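Take a look at the structures below.
First subunit A sits with subunit B, and in the next complex the same chain sits with subunit C.
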Partner chain A sequence: MPATESIKQITNPIKKILTSEVGFLVLSLLALIIGISSFSEQFLSAPNAVAILHQSSLVLIVAIGMTVLLISGEVDISVGANLAFSSCVVMAVINQTDSIALGALAGIAFGTSVGFINAFVTTVLKVNSLIGTIAMMMMLKGGVFLFTREAIQNHHQLPLFPKIATGFVLGIPVPALIASIVAIIGWVIMTRTKAGRLFLATGANQKATRLSGYSPERVKFAAFLLTGALTGLAAVILASLINAGQPTAGGGFELIVIAAVLLGGTSLMGGRGTILGTIFGVLILKIVDNGIILLRLNQDYQIIFPGIVLILALYMDQKRRGTTND
Partner chain B sequence: MPQSNNIKSKFSLFSTSRGNSELALIVSLLVVITIFSFMSEYFLTVRNLTNVLGQASIIMALAMGVAIVLISGEVDISVGSVVAAVAIPLVEIMNATDSLMLGIAGALALGLMIGAINGYLSAYLRINSLIVTLGTLFIIRGFVYLYTGKRPIADTGYLENFFQLGSGRFLDILPNPALVAGIIVIFFIFIMRHTRFGRRIYAVGSNAEVASLAGYNVRRLRFYCFIICSLLASVGGILLSSRLGSAIHTAGMGYEFQAIAAVVLGGVSLAGGIGSLFGVMLGVLILAFVSNGLGMINLPTEWQLVITGLVIIAAVALDAFKKKSR
Partner chain C sequence: MTELNIADPTNTSVPVLSVSGLTKKFPGVLALDDVSIEVRSGEVLAIIGENGAGKSTLIKMLAGVYKPDGGTIAINGEVQNYASPADALKAGTKVVFQEIALIPEFTVAENIFLESHLITRIGTIDWPEIRRRARDIFERAGFALDPDAKVGDLSISQQQLVEISRALAHDAKLVIMDEPTSSLTPLEVRHLFEVIERLKSLGIAIIYVSHKLEEIFEISDRCTILRDGKWISTQPTSSHTNDSLIKDMVGRSIDDLFPRSERKFGDTVVQVDGLYTHNRLDNISFNVRAGEVLGFFGLMGAGRTELAKAIVGYDPISAGSIKINGNLLSPHSTIKSKSLGLGLLSEDRKEEGLMMDANVTRNMTLSALQKFTRGGFVNAAAETKTAQSFVDRFRIKLAKLGQPIRTLSGGNQQKVLLSRWLMYGLEVIVLDEPTRGIDVGAKTEIFALIDELASQGLAVILMTSEMPELLGLSDRICVLAEGKITATFETSNVTQEEILDAAIQ
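And now, the complex of A and B:
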């Protein structure tokens, strides 16, 4: 029966794509792009592509750290609050010192120290990271208002500072460039280095990692520090974007980041996940966002669709693997 | 190997932890009350203590539901959005029919529906419940925004019994919400301790495989837990709405985190199967008294967040330390 033979030959590659890690995400992304562009002419234009890259950058930078953290079996709920606090630190230090470099360094240092405390609480005090970072989120949300009651404005109006978020290098928005560099470094670490394998090993089997002579605590410590540092980096861009430090920023940011990472196929239970998947997860969420605006739908759909996409993605992922996710 | 996967996963993100002994929680609660009685003369008055019970009632209802779902081995973080959602049918039906009972029936019906959706997706389709409820957290909040247009819906009927529900006092002493919460606590402590249903939930949470071999319908039991949780969140939503006298689109934001923090403080394991609702009640009360006491000594509300976070970390870390030295 040649007919069924040829069908088999056609379905096999499709199956292969569907069952590969990222292939499914690529297909979903393509479907989204085709779907939205058939309804909106503006969608497939250079300015819109730039806008999407712009909007994806903040989430992507933090999502790279969160991917590594989830892979090593922990989670950080405090990234949203950390983002807001760090952005205030960036602006305050710039106002004090008149130096953008010092402000950026201070923001990244602050973000990293939050990561350090999270790591300490999780790995040394043995507090479950879900609870420990919820507590950290509360402390940061309270703390940022003790630090500043209102948004910190850019007092010196340094003209260069807003350029970090709005500038272009070779036609690429600076935030997108920073995010790409972060993503590439993350990808290299996770796929090409021993450190990357250690993150995966720790999340997959902590005991075996310990028996092979590595300290899972130290690996997790590194993942928390990375997430904190990247959150600080994102805070520099955020502060530059609004040209101020906004204590109320970052509400719900942690959920968007985690949603993007999970959408990209990283397991909540650790030991499985890819940077590439996370990049696609962020892009899918942001293209959906963008589509909602272009199609002139009510902006409230911007929080409804990610929820549906997230549940649907996990369900399909599970069907595809033929396993349950518990 | 789904089985070994299952066991492994419980040790990574959701590490097992034995509960705080209830005695330690009672002592902590007494210590908190004693400290604040010395610091503020207004703290240890009948008026203030009953007020705290009233303020704690909403989180209390939520925490009971979250605890039951956690004990069954799943998690529900959509409760904060449920609080906002159920207020809409409550107020709309009351405005249309002038009947509090019909309004409450409408609110509970919506809660039941949300619980059934969460339960179906998590228990029957076996999608990870953290992701399902993270998704519904977004989706429900989005629909609340869409419906209300981000404006409060006022109770225009000014029903006396609706006002009384939130602001009246039973026998002129106990705030009515506290009475409702008290009845819920006693009822569910009884269910979880003394009924076959309660014991089955513990069995399912501690080892689903064994519970299933023992002939329990694991999926159905978990499904029921999600419905109970959502119904209790609806009760919390009704109480909050009756205190506010309207349906507010931002109501209940972040309550899921407060509820989970109180539940874990109360000794419920994030891995399932361990914990008592009596402990959860103490956990909610400790957090409520800490927050009230800090207010009484005129500490800014921001400090309350910071100190609450510290209390949570200290309590959970102490518990982990005790376990290690045992």
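And now, the complex of A and C:
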């Protein structure tokens, strides 16, 4: 069987691109860009590109953490609620201290501590992370309203703060720059470091990883902390973007993040996935989002579409792997 | 009972079963290659061979589970063309599989007539008749069974009798038994053999599949040996010796199978004292010296795997101590045991060893990653170079290091997993069933490798349920039964019987 398969791959380059994970994503992205731009002139304009990058940045930052977490064999459903709560913390601390730096640090610290609790619940209390982080989501969604009933405004009207999200460095939007740095670091970790290997190994075979003299719990702990910290970082950008802390923000955010990661070829079962795939997954979903707006389609499609894409992506994944697996 | 009426070779009557040129292909393997056998009425034909020799493929074709790719199966001279197991049963072939396929909630009588419920004139099931016929069968075959007992309440041995009764109820001409004694006590094995004698006297032809040689000698009239899907020989069992059987099975003599270099024992490396675990191990103590292979033998459920996992810190212990070169394994974790130079090669490659989708290099370097890591970064070039050197040294067959490990054969996968620890560099290696599911050729290489490791001064703890492997590799043997060490022997002066006796108590 492997022999015939390799023959097929050599004789059929199109199939090879379709069956290679990143190749398929690149093709889909190109098809989307060509398709949408042929219906809308605005699509390829500079302001629209900036808008897409802005939109993608928040999702990508968290998706990098989620990729590492899913590869380790766990999941975090609480990132949306964490994002909203952390953004309120950022704004509240800035209002208290008059310091953007302290506000940003507080937001990242808050996001990280949510990750810490998720890690504790999963690796020490041995609660399934799907359930544990849904519970965390519920606590955060309720808790944020104990913290603030309504959006926290920028009381001091610090003009510098909104600039984080809307500013440019070297012609690149700041959030996109931050997301790129996060993605590059994530890529280096996953492809070049021992830590990356252990994330992959833990997700691929937890028992084998333990027998090889490592602690899968510690590995997962790190992945949860990373996801929480990156959610905190995204919250700083979100607060800057709307120049406020919004307790109702982040609804459905976790679904978009997970959809993008899975679309990028990361396995829900762990052990398999790439940062590159996640970048493409995020771009595809966000370009589709953008297209729906530009083509003046009903905006409810923005959440319907990722659902359809997700099923298609997982179906393709099944097919691709089904040929080699059993 | 050991005096057997060898089937008369001049007997010209039509054999009950006659198989000719039977062939079965699976993707990538020829599972059975041009095999021909005959079984006559009242005869027991043993079929033996190593794992992967083609025994179960042959049986599944005789049972109508697989369709042959070539050759014919004839019952009483009539060529059969089974579309399903039901056809095989109709033609008179009944297979008693290792895992018994009865419905536990039904009664004995109900199970016997499962396929052919007898119906009264008004269309209901004729229970009195079914019970009567079941009793008839028991009387004929000499079984002490209650037709109204629930099958779920019976022992495995009694359930086997129910299966055999089913064969009789269907007027089976051929009964095939697949490893029938694997979960029986010695007394139950006696009973089974009496049943087989009775079936012979009823003129039924029997195929007996087992890898327990002593049983073959006791119960079979002739024996057919398969190896790598091919027919090797069919001879009267009495013309065989233990050695000639093994030689035909593995294709070389036992001495070549287990090379043994001069081993020099050093200081005591492993010291286990009074080890208990929650549910199984009971006061286990032993020592292993450098360069020594200590074999642990035990039947299913004796506690071999439990011991292996407890020693390396994978499973928790409730009392006792494990010392490596005098250093206590504490905290009880695999991280600590690895740092002391102690590692386990698991019996379950797929579940506890391999990262199936990852490539060969990634799988091989998992334990030794630190060796290629500087400041957190892995030096991929050095990693690949080292992996390649192990591939060469152990002659691991692969196309390229980047191929997924799942595409390798079991033997090559096992060599990769062994390399995982050797690359790290251990003082003590625990091997749990190291040759399970591996073909004969690769087995020999792994045996040679284990011998080489010991001669280089590694302390080896070998868990095995295979007697030849135990005797061929170990310097000393500990026998486990129900979580306790029941005996310790020097391999040079122990017999298989002594070991089995200790394992059964």
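Definition applied: the second predicted complex is superposed on the first by the 311 of 326 C-alpha atoms of A that agree within 3 Å, B and C clash if a C-alpha of one lies under 4 Å from a C-alpha of the other, contacts with A are read in each partner's own complex, and residues count from 1 in each chain.
In the analysis below, a residue touches a chain if its C-beta (ideal position, glycine included) is under 8 Å from a C-beta of that chain, and two chains touch if they have at least 3 such contacts.
Note that this is a predicted model, so its numbers are computed, not measured.
Visitor: Does the subunit A-based superposition show subunit B and subunit C clashing or fitting?
Guide: Partners fit side by side after overlay.
Visitor: By the touch definition at the top of the document, which applies to A:45: first (subunit B), second (subunit C), both, or neither?
Guide: Neither partner.
Visitor: Using only C-alpha centres after the superposition, what angle do subunit B and subunit C make about subunit A, to the nearest 10 degrees?
Guide: Rounded to the nearest ten degrees, it is 70.
Visitor: By the touch definition at the top of the document, which applies to A:96: first (subunit B), second (subunit C), both, or neither?
Guide: neither
Visitor: Name the contact category of A:166: first (subunit B only), second (subunit C only), both, or neither.
Guide: Touch status of A:166: no partner.
Visitor: Please indicate which partner A:248 is in contact with in the superposed arrangement: first for subunit B, second for subunit C, both, or neither.
Guide: neither
Visitor: On subunit A, which partner's contacts cover more residues, subunit B's or subunit C's?
Guide: B
Visitor: Which partner chains sit in contact with A:205 here, subunit B, subunit C, both or neither? Use first/second/both/neither.
Guide: In the superposed model, A:205 contacts both subunit B and subunit C.
Visitor: In the superposed arrangement, does A:214 touch subunit B (first), subunit C (second), both or neither?
Guide: In the superposed model, A:214 contacts subunit C only, not subunit B.
Visitor: Classify the contacts of A:271 with the two partner chains as first (subunit B alone), second (subunit C alone), both, or neither.
Guide: both
Visitor: Output check: A:193 vs subunit B and subunit C. Expected answer is one of first, second, both, neither. What do you get?
Guide: After superposition on chain A, A:193 lies in contact with subunit C alone.
Visitor: When the two complexes are placed on top of each other via chain A, what is the minimal CA separation of subunit B and subunit C in Å?
Guide: Distance of closest C-alpha approach: 6 Å.
Visitor: Can you list the residues of subunit A that touch subunit B in one structure and subunit C in the other?
Guide: Dual-contact residues (subunit A): 204-205, 271, 324-325.
Visitor: Using the touch definition up top, name the residues of subunit C that touch subunit A in the complex.
Guide: 27-28, 312, 314, 333-335, 337-339, 343-344, 346, 351-358, 362, 366-367, 369-370, 373, 376-378, 380, 404, 406-407, 420, 424
Visitor: Residues of subunit B touching subunit A in their complex?
Guide: 2, 5-6, 8-9, 11-15, 17, 121, 125-128, 130-132, 134-139, 141-143, 145-146, 150, 257, 260-261, 264, 270, 300-306, 308-310, 312-313, 316-317, 320-321, 324
Visitor: Over in the complex, which subunit A residues touch subunit B? Could you list them?
Guide: The touching residues are 73-75, 77, 121, 125-132, 134-139, 141-143, 145-146, 203-206, 255, 258-259, 262, 268-271, 298, 300-304, 306-308, 310-311, 314-315, 318, 323-326.
Visitor: Applying the document's contact rule, which stretches of subunit A touch subunit C when the two form their complex?
Guide: My answer: residues 1-2, 192-195, 197-198, 200-201, 204-205, 207-215, 271-272, 324-325.
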